[in-house]
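What follows is a structure written as structure tokens; I'll ask about it next.
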Amino acid sequence: MEFEESGIGEECGVFGCVAAGEWPTQLEVAQILTLGLVALQHRGQESAGIVTSNGSTPPTYTTLKGMGLVSTAFKPEDLLKLKYGNLGIGHTRYSTTGISELQNCQPFVVDTLHGKIAVAHNGELVNAAALRKKVMRHGVGLSTSSDSELITQLLALTPPMEEVDTPDWVARIKNLMTETPTSYSLLVMHKDVIYAVRDPYGNRPLSIGRLVPISKLHSAVERIVDAESSPVSVHRYHREVQPGEIVQISKHGIKSLSVVPRPEGDPPAFCIFEYVYFARPDSIFEGQMVYTVRQRCGRQLAIEAPTDADVVSTVPESATPAALGYAQESGLPYVEVLCKNRYVGRTFIQPNTRLRQLGVAKKFGALTDNFAGKRVVLIDDSIVRGNTISPIIKLLKEAGATEVHIRVASPPIRFPCYMGINIPTKEELIANKPEFEDIAGYIGATSVRYLSVEGLVAAVQGGIESCGEKEQISSRTKMSKRIGHCTACLTGKYPVELEW
Amino acid sequence: MEFEESGIGEECGVFGCVAAGEWPTQLEVAQILTLGLVALQHRGQESAGIVTSNGSTPPTYTTLKGMGLVSTAFKPEDLLKLKYGNLGIGHTRYSTTGISELQNCQPFVVDTLHGKIAVAHNGELVNAAALRKKVMRHGVGLSTSSDSELITQLLALTPPMEEVDTPDWVARIKNLMTETPTSYSLLVMHKDVIYAVRDPYGNRPLSIGRLVPISKLHSAVERIVDAESSPVSVHRYHREVQPGEIVQISKHGIKSLSVVPRPEGDPPAFCIFEYVYFARPDSIFEGQMVYTVRQRCGRQLAIEAPTDADVVSTVPESATPAALGYAQESGLPYVEVLCKNRYVGRTFIQPNTRLRQLGVAKKFGALTDNFAGKRVVLIDDSIVRGNTISPIIKLLKEAGATEVHIRVASPPIRFPCYMGINIPTKEELIANKPEFEDIAGYIGATSVRYLSVEGLVAAVQGGIESCGEKEQISSRTKMSKRIGHCTACLTGKYPVELEW
Amino acid sequence: MEFEESGIGEECGVFGCVAAGEWPTQLEVAQILTLGLVALQHRGQESAGIVTSNGSTPPTYTTLKGMGLVSTAFKPEDLLKLKYGNLGIGHTRYSTTGISELQNCQPFVVDTLHGKIAVAHNGELVNAAALRKKVMRHGVGLSTSSDSELITQLLALTPPMEEVDTPDWVARIKNLMTETPTSYSLLVMHKDVIYAVRDPYGNRPLSIGRLVPISKLHSAVERIVDAESSPVSVHRYHREVQPGEIVQISKHGIKSLSVVPRPEGDPPAFCIFEYVYFARPDSIFEGQMVYTVRQRCGRQLAIEAPTDADVVSTVPESATPAALGYAQESGLPYVEVLCKNRYVGRTFIQPNTRLRQLGVAKKFGALTDNFAGKRVVLIDDSIVRGNTISPIIKLLKEAGATEVHIRVASPPIRFPCYMGINIPTKEELIANKPEFEDIAGYIGATSVRYLSVEGLVAAVQGGIESCGEKEQISSRTKMSKRIGHCTACLTGKYPVELEW
Amino acid sequence: MEFEESGIGEECGVFGCVAAGEWPTQLEVAQILTLGLVALQHRGQESAGIVTSNGSTPPTYTTLKGMGLVSTAFKPEDLLKLKYGNLGIGHTRYSTTGISELQNCQPFVVDTLHGKIAVAHNGELVNAAALRKKVMRHGVGLSTSSDSELITQLLALTPPMEEVDTPDWVARIKNLMTETPTSYSLLVMHKDVIYAVRDPYGNRPLSIGRLVPISKLHSAVERIVDAESSPVSVHRYHREVQPGEIVQISKHGIKSLSVVPRPEGDPPAFCIFEYVYFARPDSIFEGQMVYTVRQRCGRQLAIEAPTDADVVSTVPESATPAALGYAQESGLPYVEVLCKNRYVGRTFIQPNTRLRQLGVAKKFGALTDNFAGKRVVLIDDSIVRGNTISPIIKLLKEAGATEVHIRVASPPIRFPCYMGINIPTKEELIANKPEFEDIAGYIGATSVRYLSVEGLVAAVQGGIESCGEKEQISSRTKMSKRIGHCTACLTGKYPVELEW
């Protein structure tokens, strides 16, 4: 719901699980997949899907798909049908609505000359148009506009099926990776193996872990691969799949098969907005917890944009770590000024009425005692279209705030993303509108300041200039060699040249 | 519901419609398609789908699909989305249930190098396994087990897309027809044209008509193509698509493009069970009304299996024409002995109880006055598994019938169908069970007699020996040359050699 | 659906069942009630409800209610909750739609000083307004506009609860019957007993039967009471509850407790439209099968309104017995001219289009061979608003009928019903419109004739003048003393004076 | 969901709204009621209902009810039907599940001799059993077990309807209030007026406000009455209905009609758990914001139960104000240690597996960086059954917390509530179990301390001993005279003697 309001959204979440130990297993692979998808629900609420395999020769695959949240998409009786899987992959998909969208729901399963494969994909192929043409020129009809179907057909296509005796899916995956540089985090399931693949630029996240053994009765250890490290909190984070890496996950263990390199000189390009906005705060990327990065953003923001005010607060809940960081760095007291009604946003109210104008206001209540008669610094994580912060400011002022200073813990979004993030059109972005000239006046704030691109990169790449912790921005130069980030939506500099 | 009980069922119904006159039209193509599918509902209740095209360059296709009856599958608000179509095709699908079956729902739409095509298919390709292998050998992944997806990929495949400038869909369809002899009635929509295709054996029905102009405000005449001639009763029957024929239907008219011949010496093989069971009684095949054929079956049955009885009656509603024919021929009075509760069969009653035994009984009430103390000839259209007629006989006897003679207006089904009809396994067919030896004893009837295969063919092919109408069985020899029928499920003689 | 079109409808169906033998019983009371309601579904499709009692002291009642058909209203898991009932009553309710109508769904259960009673009611109290005022004057608030809630409060009210030690429900029911003369067929369940009550005029039907023992394992015999004799076809008809009678049904048997008399000189007034239209053809009222009465109506119609024509046919399915009777009496051959699409009427088509005009046409297909070039007598059971027969006539004429003579097996409806039947307003009834002057011209028929009131009463009351059966109309004089009928909707003569 | 876990829950929320200005109004009364119920959703998720009146003579009432959350219960098309209301009342109901519970859904509407009234009720009548008997002795049948139906019948009953010419609802309400002392907050709508009633002990909250005028086009000011002050954030808090007060709300304004007194010497008894747990933090009771009271509870807890630790944190989200208060008072830094997955808890997972044990764990992710290697004070608002905190402690310890001290910002719950709060049985309450002896050991905490009853009362009644703010506990003596609170669930001392 927040996503709808802000207008930006992750495309997808992917999750895989292999039961270790003897097969057929008593372990609840389908249920773990379901829990994993619930934990990734923030990455896609349009539809959900699971494919399990029993891992035998030939394998039996079972598919479960549905529209909406995981809780809506899967009925309890459906889950029972999946219970004999020994491994499986799952997918949650982001928003675009439509009548017959179930056909776009992943994972995709296709039958090939060498058996069935199932594919779940997070990301967006930058050269999709050219690849579609290539596949269709070969005489293949494509039934959806989804990159994931395109990927399955590309995997089936080369090398020619008829010329090989065994499928060699790894070679096919490598071949795919040479045809398209980014962006994808990919799970390919074939019989008893899951291949976890991350594009050479590492644009989308993918990490590997294992399920904590719960008791002696269940000594087996499942291997888990997912979009973020946190999905199941009993998931023990192991490591990330490296940019360009193909990792094979089977009941025998985790094995790195290959690393497809980037063009010489190109740095990696992990999406910096994963830190700013998309990921759960307890997820770990590049060795650091997202929450901590967000807190650093807040501290950096306090350095860049100090405010003469009485209290610091947050637009709950995503901006809270940045707000606490700002409070820490600035020395101003942290208080809560808004309480959220979590039931709001699900009710059907006739549009085009004045009630619509109350949309955000009713979502939040003002905790008046904490700020009446005071100057408030309100931290938000990002401002995309500028239509959600405005009623909040109005609410605070009416409830007695003498000043409301907006401090945004990320730079303005100005450019479209072609790598899997749904961003409003350039025209819709507040940063590209004439109103941005006087953004404070437009949204009714006393003042508005954004974090700089350099500040964001510094906070992400580990250092901030702070008297407290002595972390140095200078340290980021060294760091950037190994962990470069994609800032295209902020700077317009895309990691690869775009084909049109 | 009847289908579930009898255990045999048509695979599918197909329906197409092109608005004549100026485009964009005000004519309700989507609504006519919906009505057409409702009229074909008896041919498939699992799912329903519609694809409309606006017919422009490039065309915009809109798809609507759903599980269950047309009334369940399409919501009113969904239909609105289709309203600007100028032509379209639709499909109803028969029974096999499963979790994610929506993906099997037709029509299939695929994007090819030369644009999108939509395909709706009724039938079953006898050499599907070989064709699947061929397509997959080419490097294509198949995402369903459906013949219809296979057909779309075959159409995309040959001749190679890259070697031609224009699609020439007709050549591709012809090529498909040479690769697979039967069975299919096919609608292929491309931009502003529908190709109506019937396999060279003419196994599945397909006819062409036009919508009656309703008023002067709507002087345009839509062209209609559908599985049966009767779907919309305002549909004016024009003619059948001939075996092997490709007919192009556009706003400019109906044009026969080609007829792909059968192997020399092979007669056509239109499914004889369309007459016996599947089709609506008001449909017209081969120039004759189904109702009339069924009535002839009843008269032929009266000749072959006369009965010393007091009254003739029917198992409503499908056997009524045969019963009236039997009454006419035999001179026995026709009465109704059963009344049907049309709400039965939709309620969830716990299985495995004695209530289950009452299943059929409660579906019918006995009209005691009409047969108490009398000898009844009860006509049924077919006996497949023998489990539905038995409780009816019991009901009649308990209500006072002194004798109940079962006369079946078709021969026993003994063999599987590989051409699109869902028939129980050989083991389930009563005609293959030991109990068939004493079928009368098994079902509790005073006597049981079936129509002979020769008698059925005679009735279908136009002649019966009857004092009343002087139609001659001998006339059928001549007729059979042009209108041979598939009787494989009765005789085991399939129209083509089966590949395994 | 037919009801919607014709615009007349029964208000309700009631059904009760008591398990005989030892309690707790293994017999499936809830399931038998469900089957009973399905069999009464034609008497009400708006909602369905069941209340079961375990019969102990104090009793536990379990309630199940839902909107729509029985199959929609009751989920399988819900039925399980009722499974331990030893007796129960059920109700199906007719049409008036609305948002919060579930609260009008019967049976009503109320808690009184002397325990809970459950009430199911078919009919309409002619003096409801006065009774409501009386109850409210006593200080009772009424939460619905339903007569059934009114009945429960009336039962609770007199004699004053506080003045009696035991409830004496029979005295309370008798008291109710003196306060309101008609119309009601009532089931009152209290603990381990069902009281079956019919108003002194016998306006609504109610009959008693028993469930056929199925096997030795189930030797117990349930007692059944229901609106019609036919609901469960395994129901063995025992007898009708007499006008004014209170029958007690318990596991110990069936016991007539009392008969409350009508005012001296008043004949009984069983609704004659039960025979004409509402009841199932296999039901038995007053010792005669409804089907047979309808057939007699057809024969009487043939005598009153003979036609110079070639064939006789029916508007399926309800007019078929009358059509067969007409054919028998007239000597004209009976054929089928229309086939029905039973899926039609459930699809959402946008209104206000020309497609709406096709409404009825698409519901029926023409069996052209049977009447093309012929003069058709088409029998209908009733014409209420005249808007459904017109498109049928058009269809037949367009398909080749040279003449279409409409013969209606009942007289024109001219007056409203205040005793439980939903009839269109006087203005909507075709018989009250100017168009009725030239009804044949209005509906496009060659000629139109109705059965006379006298003819209908004759057919119902047992005699028709016919060469075949020599039953004498004169015999009805004698008969009418014991079995008078309400013909108010045809004649305007109501059985009791109406209060306003 | 939280409620399910903790096992305690408010019974209901009530909300009313009267449009000021000219009638018929263009103001969206039904939509404001809907928003109001959404804002009260935390007070009841079982069902929701709205009744609007057009206010004319006689009034037309329209009712909308449904099961589940407001968003599920009301369809957009349903809301349209309510749009012409000029005033209305609404209700959300808490949890007890069942098949036919829609009939328990409020508001109740009953028709009386003096017209219809609608009643919405929050609370539970302590002498309900005696009142039911009284009503039934009068000859009234009660169709539900709900206190609200009982209230409507009590209102209808006395004084006798027949003896008065005008209803005088206020006299009837006063009469009701003398018959039952507590607990109820009641809205009674009659024609064009809402009576807002609070029981003499003021046990349940009820406050009055007005809707902020949005623009000049909508200059009218609606009057609003609701369970809490905060429901619609555009609601301007005006004042609380006083204990025993009857307030009349009409388009002409707000008018206090009467105050029914408590027995001499009895203090008021507002439910103290409204502050601790039920109410939204932005609500205002007795002139103070709930958030601020909770913060004071945290500070008082820091005084009563200081801890030698490194960081203070919260079980999000309800304990956050107390945690911030504890941090403030103790000087320990406040950090977040848990992040919540708000999608968890809605998925169907097969029970009885080890996955069930993971229930809470997966609901929270650990923000490891903030507490690894540290001693954590974790503040919770209450511990009811002790089964939710245990897995959280385990999660924190596994993630590196060296010590986890639980501090509970309310005293242990030991006694049942008979005034409208659903509390687990005495046996289920952890405070009554043997395990409570070593509660820290039982739940795995390093230490556990609760706030004292005196401390809670002090915090609620305005003073805490704190170096910072110098608010004095001593001040509460004075305060308690006017604002006594019900602490029965903590102390067993009920405000009135209970009848059994």
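Structural remarks
As written, the chains take the letters A, B, C and D, and residue 1 is the first residue of each chain.
The definition used in the following text is that a residue touches a chain if its C-beta (ideal position, glycine included) is under 8 Å from a C-beta of that chain, and two chains touch if they have at least 3 such contacts.
Here's who's who by UniProt: A, B, C, D = Amidophosphoribosyltransferase.
Remember, it's a predicted structure, so these values are computed and weren't measured experimentally.
For the pair subunit A and subunit C, chains touching both partners: B, D.
Between the interfaces C-D and A-D, more contacting C-beta pairs are found at A-D. Between the CA-based centres of subunit B and subunit D the separation comes to 62 Å, rounded to the whole angstrom. In terms of their C-alpha centroids, the spacing between subunit A and subunit D amounts to 37 Å. Centre-to-centre spacing of subunit C and subunit D amounts to 49 Å, using the average Cα coordinate of each chain. For subunit A, the set of residues that touch two or more other chains is empty. In the complex of the two chains, the subunit A residues touching subunit B come out as 62-65, 78, 81, 99-100, 102-103, 108-113, 117, 132-133, 136-143, 145, 149, 152-153, 155-158, 160-162. On subunit C, the positions that touch subunit B within their shared complex are 28, 31-32, 34-35, 38-39, 41-42, 69-71, 74-76, 79-80, 214-215, 217-218, 230, 232-234, 280-282, 289, 291-292, 317, 320-321, 324, 334-336, 339, 341-344, 346-350, 353-355, 357-358, 361-362, 364-370, 395.
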